[in-house]
Structures are given as C-alpha cells and as structure tokens.
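Just below sit the structures, each encoded as structure tokens.
Common to both upcoming complexes is chain A, partnered first by chain B, then by chain C.
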Partner chain A sequence: MSAGPLVKPHGTPSRAIGLASERVLPYLLIAPAALLVGMVFVYPAVHNAWLSLWDWKLTAPGQATFVGLSNYVELFRNNQVFRQAFNFTLVYTVVTLVVSLLLGLVAALLLHPLSTTRRLLVGLLLLPYMISPVAAGLGWGLIWGREFGLANFLLGAVGAEPVMWLAKPVPAAAALMTTEIWRSIPFVSLVLLAGLAAIPSELYEAARLDGASPWQEIRTITLPLLMPSLSLVIVFETIFKLRVFDLIIALTGGGPGTSTHSLGVVLYRLYFRYFEGGSSAAVGIILLLLGGVLAFVYLKLTGEARR
Partner chain B sequence: MMRQTLLRRSVRTLTLVLLLVFCLLPILWLVLTSFKTRLQIFASPPLIFFTPSFESWAKMVRPGPIRAALLNSLATASYTTAVTMVSATLAAYAFSRMRFRGSAFLLFALLATRLLPPINSLVVLFLLFTRIRLVDTISGLVILYAALLVPIAVWLLKTAFDAVPQDIEEAAFTDGCGRLGALARITLPLAAPGLAVTAILVFVLSWNEFMFAYIFTSTRATTVPVLLAQAVGEYGIEWADLTAQATILLVPVFFVTVLAQRHLIHGLSAGAVK
Partner chain C sequence: MRPRLLCVVCVTALLFCLGVGLADAQQKKVTLLIHPTVYQITGGETGVIADFKKRTGIEVEVVSLPTIQLHEKAMVEWLAKSGRYDVVTLLDIYFNEGLTQYVEPLDPLIAQLPASFEYRDVIPSLFDAVSAKGAKNGMPFQGGAVMFFYRKDLFDKYQVAVPKTFDALLTAARKVTAGLRKDGNSETYALGVRAKEANVGAQDFLVFHFAAGGDLLEKDNAQCALNSPAGQTAARLYSTFVKEGLVPKDLLAFGRDELIGAFQQGRLAMAAAFAPYYGLFNDPKNSKVTGQVGFAPMPTASGVPAGRSFKNFWHMMLDRNSKNKEAAWALMQALAGKEEQIRMASTWSFGPVRYSAFQSPAVRKTFPHAEAWGQAVAASVAVGHAEWPKMQDIIFEEHAAVLGGQTPPDQAVARMCQRIRPLVGRK
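Let's turn to the complex of A and B:
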C-alpha cells in the first residue's frame, strides 16, 4: 500500500455503470478454475465415498449391492495385501519424512546465508525435485542394479558382498526410501532456507555476546523460530509421501511380490486387475482420511506446544 | 581459534560437496549411460570414460513409439500450460484485486483441494471419462492436469499480482480501460516475471506427470513417462535406449532450472509448491 499524494478517484461514471456487473464479475473470473478443480477433485472425492459403500465391479458398474461399511471391514480384516500396503505406506512415510527433514535441515543450515556461489549450488540441488519421478526412478535403477549397479560396485570396493537390492523385500524398501529421500531434500531445504532467512540476525548477535555455543544457538534460536516452516514442510511432505505411486512403479513395480505395494498401488491393482470398484473406492477414502487425520493431529500438537 | 574456524569451514564444505554428489550422481549416471553401448553398460568396474555411442539417441529421430510419445508429451504440456494459465490468471486477479463475499473461503477451498489425493479421483473419473470418451486422449489429460495445477498457479499468480501497485492500475481504469483492459495492459506486463515462473512450473509439472497419464492413456495419447514405465516392466530392460529416452525427458527441465533458477527458488519457497 503506497499512500502517495495521488487522490484515488471515486464514483467516476465508468465505475457507476459497471457496478452491477462488478458484483458478479469475481465469481465469473473464478468459475473456470473452480469448475476444473470441482470436476476432477471435489466431485470424485464425494462420489467416491458413496461408491465405497457398494459392492460393484468395474466390468459391470450398473449392478451394485449396498453393503455399508463392509468393504472397509473386509479390507482391514481379510485383505492381506491391503494390510501389508497400509503398514508399508505408514513406515515409508515416517522413515522418509524423518530422514529427509534431518538432511534437509542440515543442507539448509549449511547453505544459509545465501551467497552468490551458494545460490548456484541451490540451483543444482533443485534438480532432483524438478526432474520426472520416472526418470529419477530409472537413474536410481542403474544404481541398484544387481551386476552392473553402482551401489554393489561400491560395496565390492570395500570388500562387502553384493546385495540383490530390488529382488528382496527389505533391500527393495530401503532402495525405494533412499530414492524418496533424495527426491525430497530440495523441497525441504528450500522451504527451511526461506524460514532461516526470516530469522533476524540480531538474535544471533545477542546470543554470541552472551557466549552461546553454535549448538546452543541452533537449539534456542534457530529451531524454535523455524517451527512455522518446519510445520509446513511436515504437513506437506506427510501428505505427499502417503500417496507415493510413480516412484514405486518406476523402480520396483511394487515388488518383489507385493512387498513394496503402497496404498496407491493397491488401489490401482484392485481396480484395474481385479475390477473391484467398491473396495478400490474404499482404499481411496482410507488414503484421504489418513492424510487428513495425520495433518490435523500434527497441527493440533504444534498448536498446543506453542501455547 | 583460527584452527577451529578452519576446521569448521572444511567440514562445512566437505558436507556440502557430499550432498551435491548425492543429489547429482543418479542424474549424471543416467545421462552418461545413455551414451554407452550395451557392452559398456554391463562393464565391471563401471566405466566413467568411454567412447560415446549415439545409437540410442539416433533412434528417437526415426518414427516410432518414442517419437509419438514425445509429441504427445509436448502437446499435453503446452495445452495444459495454456488452459491453466488462462483460468488461473482470471481467478488470481479476482482474489488479488476484488472484494467479494466468500473470497477468503473460496481461496482456501481452492488451495485445500491439494490435500485430496489425486488417485482418490481415479475410480469415479475413469467411469466418467469412459462414458464421455476422454480415456486415452490428449484433451482428457489436459483437463486432469489443468485441474491438478490450477491451485498452485492461482496461489503463485495471486502473490505476483499482490506485488503490483494498485494505483497504476486504477489510473488506467479511470482512463477508460475497463477492468479487464487494465488487467491486460497494466497488471499482466508488470507481473510478467511471476507469470513466467508460473508458466514454467506448470509446463514442467505436466511434462513430468506420471500417475494420471499411466491410468488414463493406453496407446494413442501415451506420454514419455508412461512409455518409460512400460519398458521397465518388461523382461530384459534395454538400458541404453531407456536412459536416452529418460534423458530427453530431462533436457527441457535442465534448461529451465538453470535459466529461471533464481525466480524458481523464490517462487517455490514462497508458494510451498509440491
């Protein structure tokens, strides 16, 4: 808001005429965006909740029987693949979230304050975030490869046995998570860098006068003041890691067996391989609720901590 | 004291170098592999220096699935950018400049749709798209992508419009430009950097998009990421061709990231885009 000597014109004729259309205009301007989002995200989400209460097949969507919540009960009670994927998705989200937060924080602390050279570095560090997840999956596929992979070559160089990374459940999960962490570091450190830049430098000067150690500075100034940025990153990253799909398809294909199936992969398989419309709708709703609940709990916790 | 700062400095530099290697190695290795022959790819120890082969690259010029997929990717990303930018500019202008009932709620609702997992839409949209014949078409993809990217674009553009002083616009307004005239002649040119970054991000994100393309295309509208993923699933991966195809997917992204780096960093950290 610049309050210059300029007198703002009021009640000019052109304005008076446009007054009626002025009231509708903003809604008209928003309409295309709202229509797109409504059609692709809001309506399907609502309709999906309804469809998840019916037993129906993709091959015959017309023939449906109302079953209430039994699709959900069935998934949790009897669907081994779903339960495994549910646990895998949670572990995947928590582990990759914690590690990428730590590494992203370290990166941000090392890069702050941004000088010209460091800015260039940030540009390069941005690449894992900007490139296609499928291409990233392929690049990492070259590293995890059994005979020719870089990872096994490095293991061999220090005298360790080669690992069949993508052929066994635990190494495959580790390979996936490493790739996910690699992909999240740029986003995490970027948001945290912006948060760091907003902390007034006087605080550090005062702390230094009081003889605080670097570690004390981080603990008493940096981390508390970084909380808003950290919360933002945690909520965003949690929600986005829960829906992992592309990386899994590109790197492990959900295997070996069904060991690296995420909830998204299970939904896809249930729908297109087994044509289970009702159950796949239920998986979608579970994924939606999981993200909502985790974000809510987290915001509630940090809200209370701040008070 | 001197020695301590020197030590701290070298630890800092070393950690940064390690981080950089970690971030760039998989990408560099992918690009390098695309210039290897099959024999060179399976060499042990892995080859860093070798006579480059351009065979896999030459294949992409000839007509075939990869060329078709490249054209599909290009068309989809371009149309998506156009549709997204027009609808997001209009909405962002309304949110930035006009006062109307429910504006705060509408903006919040638009941004909050980012919290809905896209795959949750799959069940309903696949039925709908089958009925209106949008499965396996570029138009279908463009609708999905525009919806996916409009909230981010509105947010980034609103920030850009907020930074343009309102006085200049009102002067044009009273000179008889009309609201939309003032938008086109004054606000848009002044917000050009913000518009450019938004368009670039929208293009890159739709160029990279995989999930919707994987689900909603099968043969005619297949994009490059889908083609790549299909090849991974097959027995006996042709790594040389595959890495060349993946590398071509990276080229525009490299280009854009280097060119618009500064603006991107600003836009990304301000908008918390994902």
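Let's turn to the complex of A and C:
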C-alpha cells in the first residue's frame, strides 16, 4: 500500500485554488462591512454630491435642472446668510474646540490617577454629556435670560450691569459657546483620562529621578504620549462642532437676527423652509468637505508630531 | 375532531370581529395639526374639540406646533404622502398653487354640505386666499387682523388718549415711559412688538408698513413695494422705538411667548397683536391685568384707513392621502360650524370666520370690540406668495439689522426690495 505525498507539489490545481481562496477570503470577510458602509455612507454621500449639482425644489421634483457648480457659486457669492454662517461655524468650532480641550485636559490631569472619590467625580462630570442638546439649550436659556436669568443675577451680585445675552450678537455667541464648552468637557476629559491611564508610570518615576519638574513631566512625557488620544478627541470634537444645530435651535433659534446661524441651521432652513434640495445638498457637501479636510490636517499634524 | 374544528371557527370569527373593531376604531381617529395658541382659543382640552369627540365618538389627536415648524412639518408629511395629519391648519400666507397637489379640493364636499351648516354665512372672500384655478383648497377656520392693545389703568394714570395716528402713538409711548420711569418702574415698557423669530418679526414690521399705507407688492404683483415712503416710515418708526427705549431692551429675543407673558405680567403698556390675544391678555388664570385691557384699531399714518394692518387666517386643509377623510371632513365642519364659532369667539376670544359670529349678541357681550375688529379686518392687508418663506426671512433679516443698529432704516427697506426682486415673479 503506497501512501500519497504529504506535501502537494507546486503548480497542482488544488494549490492554485488554495492560493486564490487565500487572496479572496479577506475580501469576502470584509465585504458585508464594506457593503454596509457603502449603503449607509458612501451611496448617500455620492448621491448628495450629485444632487448638489441640480437646481431642484422638493415641491416641484419634476422640474429639476442640471446646473453644475452653480449652487456652490451662488452660496459663496450671493448668499449673505450662508457666508455669515460659514464664518460663524468656523469661529464657533475653533473657539469651543480650543477651550474645551484646555479645560478638558486640566480636568483630566486633576482627576488622574483615579481613586474612589475621583471616580465619583468622573460620574458627576459625565452628567452634562448625558443631557440632550435640546434640553441643555432650553435649560441654559433660563440661565441667560435678561430679567430672571442666573447669569445676570450673578453679575448683579458683583454690581455689574445686566447683559442682554440672547438679544445681541456677541453675547449670544458667547452664551452659545459657553453652553457648548460645558457640554463638551466631559467627553474630552474622559478620553484624555483614558489616555493618561495608558502612560506607564515608570516614565514619570524615571523623570523624577532625573530631577524633572511637574511642568517638564507634562511637556516631555504626558503631552507627547497623549497625542493619540488628543488627535482622536480633536477629530471627533471638530466634527461634532461643525455640525452644531440642535443646541442653537433650542438656545438662540439662530438669532438675534441670523447672527448665530451655523451651516447646519442654514442647511435646515434651505431644505425644510424653502424646500431647495440642490442648495441644501451643496451645504451638506461643504460641511462634509470642511470636516474631512480639518480631520485630515489634524491627523497629519499629530501624526508628524508623534514621529 | 368536530370540537377542534368548532374551536378554530370560533377563534377565527373572534379575530375577524376584533380586526373589524380595530379597523373601525382606526377609521374613527383623526389627527389635527394646529398652532398652540389657536388650539388654546378653541378651548383646548375641554373645548369644542373635546365636545366633538363626545358627540361623534371620533378620536382627535391634536399635534400643536408654532407657525414655522407647523408649516415645515405639514410640508414634509405632504411631500412624503404619509397622510400623517388628516387635517392641517395652515396660515393663508403659506398657501400657493403648488400645494394643491397635496390637499383635497373641497368644492365637491362643500356642494354636499347640509343646509344647517349655513355655508353662505362663512365670509366668502376668505376662501380666495386658499383658492387656485377656481378650486377651494381650505375651509376658513380662525384669524383676524393685528389690533392695538393698551392698559386702561396706565393710560388713565398718565392721562394718555388712545392713539389713532403714528404721531399720537409716539407721544403716548413717550408719555407712558416718562411716567413709568418717574415712578421708578424701569421694567415696564411702553410698546410690545415681536422680533425674535423670522415669521413674527417680519409680520410686526409689515403691521407698521401696512398701517403707513404700504403694500408688500405693487398692485400688479410685479414689483416689491417695501422700498417706499410707507416702508421708510415703518423702519424709521421702529428705529425711534429702539433708540428711545420705548420697546423692550431685548427686542431681538422678544417673541410670541415673551409678548404674552410680559403683557399678562403687567410689563407692557401697549402692544400690537392679533385680535385673539385679547382672551390671553385677559385670562383670569394667568393675567395680572384682567379687566384693564383696552382694544382698538391699529394707529395709522395720516390719510390711511383706521385699523389698516396685517391680517391672516388659518384654514383647515384635508390631506389628499388621509385615510380618514370622512371623519376629517366631519371635524372640519364642526370647527367651522356656526354654533362652535360663536361659542369659541364668545368664550375664548377666537377670531371667527362667520358673519353671524361678529353679529352675535353673545360675542358682542363678552367681546365689546367686535365691530372695530370687523372693520379692521376689512381694512387690513393679507400677504401670500409662493416664495413667502424666503421673503419673510429677508424682511426679518433687514428689519433686525435696523433694530440692532447695524443698518439705517432707509437703507434696510431698499435692501429688502433688492433681495426680494428676483423672487417676485416666481410661482
């Protein structure tokens, strides 16, 4: 009785099949996920980009006209509210991002390392993040009220004049940004806290042995090693802030006038009030590109910093 | 075997009956989309809608939303052909020919109305605002013109006469403000107008523009008519109100709720508001100034008919995709019915759409200004255009720039027309 070869020689059909299936298998395995992502993200985004090239109203869908990039040109050249909202969204994103990062980092450093008491504090810190933006907006609306608001009460207690928080553009923007920062700090500090926990304590011990000051520890150990967590927070928070909508609707309604309109509010207004499908799709694409570009730049910069 | 078969038959019959019952119950449920204030002046949860439920057994699900959101929600559901709201109450300013594809034409239903409905009693011109190509698309429900409200006690105290002209209005506002400040009252303002949201801000600008003799568009509807002496007068008047502190300091954060609250709390001496606000300002449950509320036609510029201001009416529209058209039509008939209209007008200051309601002794007893009100409605101006939502936002944005001190009044009305011009010819 003769036994067959234990290892099949190269070039046989079964070997070829094996190699092919090895190559195909990974694609097959990721296919369901890719299909899902394609269905829920890629297709809508591509379709939205396509729609943004048309002049069409929801109330007259049969009368759509292909206009190329005219919707974009029109928005940037002739739509004053859009231009104002574009600038406001950028300022809002930058200011709230920078302040939330700073305060979130301070909170994380103060809470690290986690003890039982600090765990309780983390639980409390999470509360603002658990509240829906609409509820937060309505609640903070009472704080910013001119006559009976807490903010003016506190100002009055120190002898300052009351401020018309929601009736003037700059105070309204400040009120909105303060509320957003209050909402963001828990997320920022939680992610950074997790990042801090992952830094080996031996590094600090070694630094202390070498006589490093607390500030030197933060600058040379904490911040560089926190960079992955920081980039994650920056990317997520940038996207969250760029698409701000519900908080604005609940707190200022986009006013006074149109001074606190964000791109999200303009998109809503174009689609749900004017039923302009093409223009609103263009705003959506601009928002997407803005988020994508900023995220790419951050990732690139933080990646280089890490290297 | 037989008992088992019998059991199966019985269960099937039971399920069938249950199904029929459920279907029947479903048929008898109507969803009504309505503005919160309008719902309130129908008597709310214990008013005519509740009585309709009791009388007919038809369930009415009430969904209430502020004006802009109501319009948006109605449009989204109509576009989706969901039939979500069987009856939508819509302001005539938002009606345009394009909407006829979503709502049921009412002429065939109106033709079959019973004589007891007294169809001819419904003010016929109101149907014009929701008619297209000769077809009626809505049943008039509630509305009126913006009227002038004032505090009788404060007018007596500071010896102010009810103003009939813009000059008299300014004099009255200055006199009341001076008196209040002298008495140490710095939180009560002379005049309440709204500028928080686009719809109310634009409306309240147009109130003064119309009272100055202006129109939204020229008579042939081909040109914007805001950049006119009337428009300039209205914008300058507002600028004076703000500069002299005659209106609330936080005017750009002062909307419908703030106006109602401030008047009820006695923090306004005068207000320009829709006629049905009379009931809210006088509401004994919530108002501190019950019995002190005066009501008169809007002051106007010289040469302009008394009470000429902004008017609009809510109309009930039957969704083309409603699954309960019969029940929905029954509800519409009830809400526009003679008895109900008189009851709502006399009890909750509802703005009726029937001649008989204005003439009713019950309405005149509880609402002594019914005649002035009727005259103001006749003299006032209604607006309506396919691009109204955009025009409204433009008017508001430029008006807000005047209130915020960023744009001079004359420049603001010029910019309104510059921006509205491209929209005028669109249908």
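By definition in this document, the second predicted complex is superposed on the first by the 265 of 307 C-alpha atoms of A that agree within 3 Å, B and C clash if a C-alpha of one lies under 4 Å from a C-alpha of the other, contacts with A are read in each partner's own complex, and residues count from 1 in each chain.
Methods note: a residue touches a chain if its C-beta (ideal position, glycine included) is under 8 Å from a C-beta of that chain, and two chains touch if they have at least 3 such contacts.
The shown structure was predicted, so the numbers you read here are calculated from the model rather than taken from an experiment.
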Partner chain(s) touched by A:34 [first = chain B, second = chain C, both, neither]: first
Chain B versus chain C as contact partner of A:204, first or second or both or neither: neither
Which superposed partner A:274 touches (first chain B, second chain C, both, neither): second
First (chain B), second (chain C), both or neither touched by A:81: second
Which of chain B and chain C A:60 touches, first, second, both or neither: second
Comparing the two partners chain B and chain C, which touches a greater set of residues in chain A: B
Contacts of A:253 with chain B and chain C, given as first, second, both or neither: both
First (chain B), second (chain C), both or neither touched by A:298: neither
Which superposed partner A:147 touches (first chain B, second chain C, both, neither): both
Contacts on chain A seen with chain B and repeated with chain C across the two complexes: 58, 147, 253, 272
Touch list for chain A against partner chain B, complex: 2, 4, 6, 8-9, 12, 14-15, 18, 22-23, 25-27, 29-30, 32-34, 36-37, 39-45, 47-48, 51, 58, 61, 103, 106-107, 110-111, 119-128, 130-143, 147-148, 150, 153, 179, 182, 185-187, 190-191, 193-194, 232, 236, 239-240, 242-243, 245-246, 249-250, 253, 264, 267-268, 271-272, 277, 280-281, 284-285, 287-288, 291-292, 295
Footprint of chain A on chain B - complex, ascending: 12, 15-16, 19-20, 22-27, 29-30, 33, 41-46, 86-88, 90-91, 93-95, 98, 100, 103, 106, 110, 113, 115-128, 143-144, 146-148, 150-151, 154, 165, 167, 170, 173-174, 176, 178-179, 204, 207-208, 210-211, 214-215, 224-225, 228-229, 232-233, 237, 239, 242-243, 246-247, 249-250, 253-254, 256-258, 261-262, 264-265, 268-270, 272, 274
Contacting residues of chain A [partner chain C, same complex]: 58-60, 81, 146-147, 164, 166-169, 253, 255-258, 269, 272-275
For the chain C and chain A complex, residues of the former touching the latter: 68, 71-72, 75-76, 79, 98-99, 187, 196-197, 249-254, 389-390, 393, 396-397, 400-401, 404
